[in-house]
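Look at the two complexes coming up: chain A is in both, with chain B in one and chain C in the other.
Let's look at the complex of A and B:
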C-alpha cells in the first residue's frame, strides 16, 4: 500500500528551493566554498593536485583572491588573526589538526589584553566559536578547541593568586600540547606492538600519521609482517603510504578499493586511523573505512583504530548523513556529462559494533569506553 | 627478610611444579605471601609507596614467571599494587588537606615565611598530585607532569620547617600507609576466600522454576551456584557435558546428584543437539580478559556458538581474582597448557603406525571471543562483556600492566 516515494526527486526539488535561504543561516565568517577546508588541507599535505587547487593557484598568480575580500570587509582584527594563525599552523604536514587549533588559541591568549580570567575565557570562547564555524567539517578542530576551553575553565577554578602567572601557565601548556600530541603517537605505537605478531598481514586504509608510527615501531622491533594498502581514491593515500613503508623495508601490496573483500581472506587485522571518534565509540574517517569494517566484521577479522584521545568528540551520528557534509572535488580523468551527479562526500561513519579495539594514549580501549571518558571530561 | 625470601622461593617452586590446584587457592596463597612481604619490608620516610611497589613487583615477577598459565597470580599481584597506589593517593591528599588546615588554624604560632604562599599553592599541587597518581584521562591530558617531582619535596620541606608536633604527625602518616595497605590486603583475602558464596547468593535471581541448565566441565563456583538455587527450593534439571578427555563433567555430575539435583551427563558432541531444550548455559571461567574474552575449559567455544545460534543466555561465573587486565594476544600458545596426549590415546596404539605424534598434546583451555554476548556474574552483580573496562579500571592501575 505504501510505495516507496522517489525521495531523490523530492530532495532535489527541496534543495533547488533552498539556496536563497542558505546564505542567511551562515555564520559571520562563512567558508566561501562548500568544499571542506579540512579535507583540502589533507589533500595539500598529500600533494594531490585537484582542479580546485589549480584554480586557486591560478587565481593567486593572477593577483585576484576572492576569499580575502569577503573576510577583510568585516574588519574584526582579532578574529581575522585566529583564522589566519590556524591556517598557517595547519599547513605544516606533520602537525595534528587539534594542535594547530590549540596553538591558534594560544596566540589569542598572547594577543589578548584581558585582565581577568573571566574576560580571557570569554575571548577564547569567541575565538573558538569563530574557528569552529569557519570549518564545520573538521572534528579534531572542534574537539581540540573544546578540550582547551574546558582546561582553561578548570584551571581558572583553581584560584591562582596572580592572573599573569595563570596566563603564562596556560600559554605554556598550550605550547606543550604539540609535544603531548607527539608523545601520544609514541604511546599508541607502543601499546599496539603486542597486537602485531610475526607473519601477520595488516590491511591499512588512508594515510594516518598515527598508523604510520605504529608500523614504523613494529618494523623497528624487527617484526615480520606485510601490509596491504588500499589505493585510497581520490587522495591517492595508498601510493603515498606504500612509498613510506617501502623506505622501511616493509613488504607492501597495493589494492584497488574494490579489491578489499577479495583480499580480506589473507588479512589478519585491519588498522585505520580516525579523523574523529564519536560518543558512541564509532569513528569518522576517510571514505571507505565503513566498507572495509563491514567486510572485516563479516569475515571475523579484527578492526583496530589508532587515534589520539583529543579526537574524542561530542557527536552522535545516527546514520551516514547525520554529520556536517564534507565535500571534496573528485577527478575522474574524463569529462563527466553535466546531468550526472557525483557523490563527493569525503568521509563516512563506522558504527562501534564493527570496531574491535581503539588504541589511544589513554590505553587500549573498547568502543564503550569513549563515552565514559567524554562524560568524565564534560560533566 | 631472609625468611620471607625462603617462603617466596618455596612458593615459586610449588607453582612451578603445579602443586597448587585451583585459582582460588593460588590467589589466596599469593596474597598472603605478598602481605608478609609488605609487613616485613622496611620503608624509608620519603617515597615509601614506591619502595613497597618495587618490593611487591620483584616478588610478583618471580611468581608470574613460575606459572604463567595461572593468570590469577598476576591478577592478585596487580591488585595489591593498585591497593598500594590508592592508599598512597588518599593519604597524600589527606596530608595535603591536613597541612593546609593546620596552617590556617595556628597562624600565630608559626613563622610568616611559610604561611604565605603555602595554602594557595597546595590547591594546585594537590590537583597536580592527584592527576599524576590517577590513570591518564582526557581531563588530565593538558595538565602534564611538571608538578609531580615537586610533590614529595614540598611535603618534606614543609615538615622540616614546621614544629615538632607536625613532624611527629608526619611519621605517623608514614606508618599509616603500611597499616592501611595491610588492612586492604586483608579485605582482599576475605573477598577471594568468600567469592563462591558471594556469587552463589545471586543464584536465586537467575535460575527459575523448572528450568534446564547446561554446564561444561567442573567448576566449584558453578557447583555452589547451582546448589544455592537448590537450597532456595527451586527445582531444575542440569545437563553436564562430560568434557573429554579429562571427564571433569563426571565429577561435577556426581557432586550434583549427591546434593539432590536431577542431573544428566551428555557427551560434548551432544551439546548442539540439546541446546534447543536448554534455558541457560552456565560456565565457570578460568579467566576473563580485558577485551571481554573468556578463557574456559576446552569445549566452551562450542557451547558458546551453540548458545548464540539458539539465543540461549550464556552466563559466565568468575571471582574477581580471575579478571585479568591483559589482552589475549596469542591465547592458544601463550596462555594454554598442553597436557600429555596419553589422555587421548594409549601408548603403543598409534605410535607404531605413525612416525610423528597424532598431536602435540591436548590443550586444557580455550578462548571465547567477546563478540558473543554473554553475561558475566561476579559478586557485584551481572555485567556485559563491554563493561569489562570499568571493572578493570576499578581493580587495577595502568602502570602495573607490564611487570
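Let's look at the complex of A and C:
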C-alpha cells in the first residue's frame, strides 16, 4: 500500500478507502489470502522426510495406490480426476512436483476416451489448465504441464496411422519423465562435484532434494567439507537437513537465519535449490534466498543454484511483488495480537545478478542462458 | 576513446584531427590490385566503427555480385550518404534556411560530386536500369565521402585510391599530409570545378562530374551540391570535406557505378559547413533546401515511382517519423511499385526488380538515412524477390511479392505490436506510475490498452527539445482520459523518485543488448536504474540487429543544427539565432543514442519478455525463420 507515489495520488487513495486497495495493489492475481497449496505440501514433506521414511513411503505408496486411484476414478468427472490424481502423486515425498503433474496428465491420457489426437490434445489442455489454476503458486507444476503439452503437440505433428500407438507413445514418455527427473538430479550432482573442493564450507538454505543429492554425492566421493545450514523458519528445513547430513557423516552447523551475514566470512560457496527458474535467469525459492544471495554477493562468495531444466518457467518478475503471492501460515509459538500483520509470503525472487552459476541437467549454465533455452524450447 | 579527443598538431586549429579518420589525400598507400577484394579481407580492415551493418543502411542482398562485398558495402553508408538532416516539422520556418533553393539546385555544382540536374535522373536511371546487376551497394557506394585526389589520376587509380583510403581509414591514426600536398589538391579541385562551370552544359558536367567523382570518390552525397559562395567559402569547405572521413565503410568497386549513381541522384543536398569535429564521419546537410525544389519536380520524375517519391518527401518534411511508420510507409510504396511494375524486355524480373528497389532505396537514403527497421524490411523484400522462381509468370510473381510484403507488415509489425501490448499490460499494476519518453508507438498502444482494461495508473510523459515528440503522445493519452504529467528531460531526476516503471521504445536493439533509440533515452534509463526503477523496452523483433555498438558516436544521425539554435515562438530567448555560421560555435543535434544493456530490465518483443542478453538468440532464431518466410 505504501508504494512510491506522488503525494496527490496517495491522498486520493487514502480518501477512497484503503483496505481493499491493499489487496488490489498486488495486481491481477486472485485471492491473495489463499494459502498456497504448494508450500503446504512442502511443509508436509518437510515434516516427515527422512531417508528411512522415504524408503518405506516409496514402497508403500509407489505404484499401487496410484493405479487404484486412477481406476477408481474412471467413472468420475475428468477434471476432478486430474486434481486428485495429482495430489496423490504429489504426496510422495521424493517425487518432484513436475513429475507428479506429468504422471497425473498421463493418467488423464490413460483414462481418456478420445479417438483422435486432436481430441486428446484438447482434453489434456483442459486438464492442464485445471491443474494450473488449482495451484497458481507452484512454478514447477506450471512448467511441467507446459512441457508435457508442448511435447504432446510436437508428437502429434508426426504421422501416426494408429491413434493407439501415438497414445501409448505419449504414455511411455510420461513414464520416462519420472526417470528423467531422477536422472536429472544425478546429473546435477555429478556436475557440481567439480565445484566442491576439499576443505570447503558450504552454506545451504532450504531443503532441496537436488542439493541433498549433490551433497550426498560429494560425501560419497570422499570429499572433506562442512555444511552450514540456516534454520529455515518457518519450515524448519535446517533441522531436517542437518539430521540428514549428520547421517552421512558430514559436519553440519546450524545457523539462525539472521546469522548468515555473521558467518558469511567463513563460507566458500552458497548452494540453494530453486522452486522455479525464471526467464531473466533469476530464481524463485524459499523465503530468505534473496537475502543470502545479497550478502554473498557483497562479500564475493559464489552462489550456486541446483535446478532441473523442467523448472524453467516463462515468468519474468520485475520485483518481489510481481509474482503470484504464495502465502503460508506461520506459527510464532506465541499468540500474536490481531492487529498485527504478518508477512506470510513463502518465497522470494533472487535476481540473476546475484547468482553465479546454475547447475542443471543441461549443463552448468550462467543465468543468461536460461532465456536462451526457453526461447528454443517454446518458440 | 582518449585518442579520439587528442587534438593533433595541425595547421588549422579548427580542424582537429580526431583519431579514427584519416586525411585522405595521399595516393601513396599500396594500391590494391583488385578492388573487389575477397570479403574477408576488407572485414579486418574496416574501420573501428564496426564491421557490420549500421542502422542507417541497407544490408546488401545476398545474391551474386553483392556477395563479394556485403560487409563493405553495408558498412559503407554508416555515414548515411547524402543524408538529409531531418529534424524539423512542417511549421519550421522554411524561408529562413536558404535564400533560394532553386539557386542551390541549379547553381553551384559541387566540385566534389555531380549533383544531378533535373534531367539527369532520367539519364541516370536508364543507365542504371541498363546495368545488369547493380545492387544496393552500387548506389550506396556512391554516396560516400570525398576522397581527395589529383584529378589527373585514372579511374583505376581512383578505385585503388578509394580502396587504399578504405584501408587507411581503418587505421585509427591519420597519416600526415603536408600542407603543400593538401593545397595542391585543393587547387586541382578548384580548377576542375571552374572548368566544369565554364562549360555549363549537362554533358560537360557529367564529364567533369565523372572526373570529379573519380577524384572525390567518397563524397557522401551523390546529390550533394555544395554551395560555393566563392573561393573563400570554397577554401574552408573544401578543406572540411577533405578532412571528412573517407567514409569508414564505404568502398568502391566500380567507378562507372559511382558515376552512374551520381548522375542518378535526385535530391540535391547542400552540406553544412560548420560541423562538430567528433561527428565528421556523419553527413550533415542544410535543412530545408530540398523540399520546395523536390516538390516542383514531382511530375518530372521518370525513373522514380511517385509513391516512393512521395514517401521520400514525407521523410524530408518530417511528416512521417518513427521506426514503424517509416517502415510501413516505405513498404506500402514498394507494394505500389510492384503493382505498377512490368518487366522490360530482355530482363529477368528478379534482377530488374531488385535493381529498381535499390534505386528507390538510395533515393530514400538521400532524403533521410534509413532506420534499422527500414533496413531489415528492405533486406526482407530483396530476399523475397531473389527467391521468386524464375518460372513464375509476371503477374503471379507480382501478386506473390505484394502478398509477401503485406504479410510482413501484418505479422512483423501489426500483430507483433499486439503481442507486445498483451505482454506489457500484464506488467502494469494498479497504482503504477509509468514514465515514458518521447513518442514510441508501441508504448502508446500499451498505455491505451492498459487504460481500456481499467487499470489504475498514471503516466509521466518526458519530453525534450527540439523535436518535442512527447506532446503528440500527451495529446493522445489525454484524449482517452489517462491521468498524465508532462515534463522535460531536465527534470528527470526530480520526478524519478515517484516512478514505479519506465516504458521506452526503441529504434533498434543490438546484439549486445544495447538499445538504440531516440536521443535522451539513455539518460532516462540511467536515472531510472539509479533509482532502481525497472526499465522495460518495447520493441518488435524485426528491429533487432546483429550489430554491436558501444557508444553513440560511431553511428548516428545528425539533425538540423538550426533546430537547436532557434526556440520556436520564443523570440526573446533566441540568443543563438544567426550564430549558426560562427566559426567558434558548432551545433550538434543528434538524433539517436545507445543505451547500455545494464540499464535495461527487460525487453518486450513479440517473442515474449526477454532479458537484454537474449537478443542475439532471437536474432539467430529470427533470421532462420525470416529467411523462410
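In the analysis below, the second predicted complex is superposed on the first by the 317 of 379 C-alpha atoms of A that agree within 3 Å, B and C clash if a C-alpha of one lies under 4 Å from a C-alpha of the other, contacts with A are read in each partner's own complex, and residues count from 1 in each chain.
We adopt the following convention: a residue touches a chain if its C-beta (ideal position, glycine included) is under 8 Å from a C-beta of that chain, and two chains touch if they have at least 3 such contacts.
Just so we're clear, the structure is a prediction, and the values are computed from it rather than from any experiment.
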| item | value |
| --- | --- |
| Chain B versus chain C as contact partner of A:118, first or second or both or neither | neither |
| Touching partner for A:256 - first (chain B), second (chain C), both, neither | neither |
| Contacts of A:368 with chain B and chain C, given as first, second, both or neither | both |
| Which superposed partner A:177 touches (first chain B, second chain C, both, neither) | first |
| Chain B versus chain C as contact partner of A:148, first or second or both or neither | first |
| Partner chain in contact with A:336 - chain B first, chain C second, else both or neither | neither |
| First (chain B), second (chain C), both or neither touched by A:324 | neither |
| Which superposed partner A:224 touches (first chain B, second chain C, both, neither) | neither |
| Residue contacts on chain A - larger count, chain B or chain C | B |
| Overlap of chain C and chain B interfaces on chain A (superposed complexes) | 368, 372, 376 |
| Complex contacts: residues of chain A adjacent to chain B | 147-148, 151, 154, 158-161, 173, 176-177, 180, 194-195, 197, 300, 309-310, 312, 356-357, 361-369, 372-374, 376-377 |
| In the complex, chain A residues that touch chain C | 3-6, 9, 13, 21, 24-28, 279-281, 314, 316, 318-319, 322, 352, 368, 371-372, 375-376, 378-379 |
| Complex interface listing, chain B residues touching chain A | 117, 120, 123-124, 127, 135-139, 141-144, 290-292, 327, 329-330, 371, 386-390, 398 |
| Complex contacts: residues of chain C adjacent to chain A | 426-427, 429-431, 433, 458, 485, 497-501, 534, 536, 601-602, 607-611, 613-614, 617-618, 621 |
